[in-house]
Amino acid sequence: MALALGRTVRRYGGMASMAPKFFLAYSIWVWMEWAVQTIALIITSFFWRAVYTDQTVIAGLAQSQTLTYVLLALIFAPFVHSTGMIYNFGYLLKEGQIAVELLRPLDFQAGQYVWRTAELWVGLILQVPLFIVALFLGMQPPLDPRLWAVFLVTAFLGHAVLFCFDWMLGCLAFYVTEIWGLSVARYGFTLFASGLLVPLALMPDWLAGILNVLPFAQALYVPLSFLTGIAPLSDAPRVWLAQLAALAVLLPLSRWVFRVAVRKVTVQGG
Amino acid sequence: MPVIQAENLSKVFHIPQKDPGVAGAVKALFRPRFQPKVAVDDVSFQVAEGEVVGYIGVNGAGKSTTIKMLTGILVPSGGQVRILGRDPHRERVANARDIGVVFGQRTQLWWDLALTESLGMVARIYDVPPTRYRQLLDQFAEILELKDLLHVPIRTMSLGQKMRAELAATLIHEPKIVYLDEPTIGLDLIVKERIREFIQQQNREQGTTVILTTHDLGDIETLCRRVLIIDAGKLIYDGPLSLIKERFGKFREITFDTASPVTTFTLPTGAEVVAAEERKLVLRFDRTRATASQVAASLMNQLEVVDFSLAEPDLANIIKHIYQGALREDGGRRTEDGGRKAEDGRPELQASLGR
Amino acid sequence: MPRYVSLYSLFLRQRLKILMEYRVNFFIGAVSTLIEQTAGLLTVWVVMQRIPLLNGWTYEELLLVYGLLALSKSLTYLFADNLWTVGREYIRTGGFDRFLVRPVDPLFHLLADRFDHQGLGHLIIGGILVSTASARLGITWDLPHLLYLVVAVLSGGLIFIGLNLITCVSAFWIMDSVPVTRVVFDMNEFAKYPLSMYNRGVQFVLTWLVPYGFASFYPANYLLGRDVGVLVWLGPAVAVTLLLIGYRLWLFGLRHYASTGS
């Protein structure tokens, strides 16, 4: 049993270690990513300063608090961007690779989760220079390590929830071939729904209420609200419980949806 | 006047050199070093109107670089090209109207469009008059057996169907010269023959000049009376197909059937064993060093020969030899520049014709 | 010239035929950009629920700026999308050689080869924004204003195309120019908001270096009757200049291609 577990860990570990190599092979893309995100950081900081020219507090959020939030949100964006599966599934389907993937001696979903999480870590490491840029743009992140610990736990739980949700969303690729359009649509929706562009606290209550129920906010707004003082630390256990409950429902559900979707390929022969 | 004139044509590429690792990459960024690579080296030839010329050589020998210079895509580093009296690069558009090009397996047709629509677009790009286009379309559909494919999108076609469609697209503007890069690769025999017939017919009836690069000897044997062979950038043969056999087919094979199992014997001079079975022996000999009768006599003296036969030199084998450098040994023009002198007559070119 | 117009319309018709064959995809492609754009718009909407003015601009005025930019941007998506992928889809695959053996201008052929329907999303959203914002702002669309709008959007579109043309030339050296194009293109995000919101450095860059300001902010000022002097008239000149620079660079890239073949 322990041996089998060790073997499994090694296998998935092998997959995980591929991710950074894959990424670094295209260094010009890394530079592009930095440049593009620096542009976004600069625009964001100017925009929110302009918002606060005549007000000091909006919906209970002070200027520095909001500014710190939106800049951190851009930096931690990989939490919501790393789970999209539509393009991935579409690509595997188009190349006929999905059969090969399903035949591998590891669980496909678990393998993808490991891969995506590894990508997330690489993504976060690559955000370090942007973190420094953001400091110059007025971001004031907290220094309390407890806040960071709670943030990380919440973010990774939320990331897992979003992964399961995206897993189901990705199954759309089995039915529609315009995967590029679908992933752009998912991306656009996520920008707003995760609280990446605006903290949910600033939104009208009804809207924030809807978005709070959707899993996108779980991976970004909810963890960041601990980090920026929007939510008190004492909320953490309740949030974690809710996230675990969501996982308990979404994980089996996502596997079932995938099985149904895959049947479409196996029946029609791709 | 020749329709294609290549005079001392050369092409040198400058390949950036990079040391391995990150340090190498950084160094390359600030101080790029380039290594010259001679792809085509002082090549001269002329092609007259209506000729069908086979252009052969291993991959990387400089075939496609030459074709790119002839079509105006690449500018030569030295020498000059004249196509129908024009510089194909400077007068690119005028030249483009007179030529047709098939680039290997890349189609020029629109993936999702039905064949007629694709052909119609190509015809419009080349300003083919509508009536002439109709005529040609009917004609091509007939010869290339495209009738049932006219309303089928390219993406659903088989390789052979695609290539037939591609040929129709390449000739729909009645080019004076066509460059065909491996038009029959990967196709079955029937399609190959159909394509060859089509090329022959265009050549015969329209006087179309054809430059054909291929690895398929059948193409060359049926279509080309003249062959150019390029190796390591140099033109090493320019002449009729028949002369390749005579000039370079210096090996012949002789097969002996013996009464008793072959044990030991001494090889006649200039001969070597190709295959030896129990009662069968195949020898190959260099006919510049021995005659068939000398070899036969020598063997008959040693063994009890029941029957023997002499095989004509096989073009495929000869060309294989050419590829392996035999031609250069035989007095093909040797390279003069210092850079590649180290190459002896048997370089690492082991590419077979089967590719 | 008439030949190119008729050729272009032929290419366009055939492309639409293909797109119509995949109707569901067509719809999703067009709508997906709409959704993507909506995210940014919702941000403005949420903020303007809380504050009356942003840098002195009302919600409707901001929408006008946003809409003008979307209209300009739609032109580059619709008519020049292949500038993004010339390296990846044509140079790397060798498909670019085909353009060079055809009796048409290779740049024309490249652009005509792809009409991208995703631009329709931008066109629709830009149209809605500009029309509703102007109605609420009481902008009357008399002939001079209408003419100004058309010229401004065209210039804006050409500015986008010119900048993409300049950056795509790098494909002749580095194969895939997307990273280069993307960085310059993304600076258009600055122009979603009034340039007066930024400091002088950013304003200078967006006016004179990557002049996306002429695709949204300056024409919006004119339409709203605000005064930024001569800059509201400079759009066409800036667009033509960029296109000329881009075309010269393109020819330079072509020459490089002709000597290296990659």
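A few remarks follow.
Letters A, B and C mark the chains as written, and numbering starts fresh at 1 in each.
In the analysis below, a contact is a pair of C-beta atoms (placed from the backbone, for glycine too) under 8 Å apart; a residue touches a chain by one contact, two chains touch by 3 or more.
Please read these numbers as outputs of a predicted model, since none were measured by experiment.
Under the stated contact rule, the graph of chain-to-chain touches is a line, running from one end chain to the other without closing. Across B-C and A-C, it is A-C that has more C-beta pairs touching. Of all chains shown, the one whose average CA position lies nearest the global CA mean is C. In this assembly, A is the chain whose CA centroid lies farthest from the centroid of subunit B. Centre-to-centre separation between subunit A and subunit B, using Cα means, comes to 54 Å. If each chain is reduced to the centroid of its CA atoms, subunit B and subunit C end up 47 Å from each other. Annotation: 30 Å between the Cα-based centres of subunit A and subunit C.
Not a single residue position of subunit B touches two or more of the other chains. Interface residues of subunit A facing subunit C in the complex, by the touch rule stated above, are 28-29, 31-32, 35-36, 39-40, 42-43, 46-47, 50-51, 53-55, 58-59, 176-178, 180-182, 184-185, 187-189, 191-192, 197-198, 202-204, 207.
Subunit B makes touch with subunit C in their complex at residues 13-14, 65, 68, 71-75, 77, 89, 92-94, 96-97, 99, 101, 103, 106, 108, 110, 112-113, 117, 121, 124-127.
Across the complex, subunit A is touched by residues 22, 24-25, 28-29, 31-33, 35-40, 42-43, 46-47, 49-51, 53-55, 118, 174, 178-180, 182-183, 186-187, 189-190, 192-193, 197-199, 202 of subunit C. Within the complex, the subunit C residues that touch subunit B are 3, 6-7, 10-11, 14, 17-18, 21, 93-95, 97-98, 100-104, 258-261.
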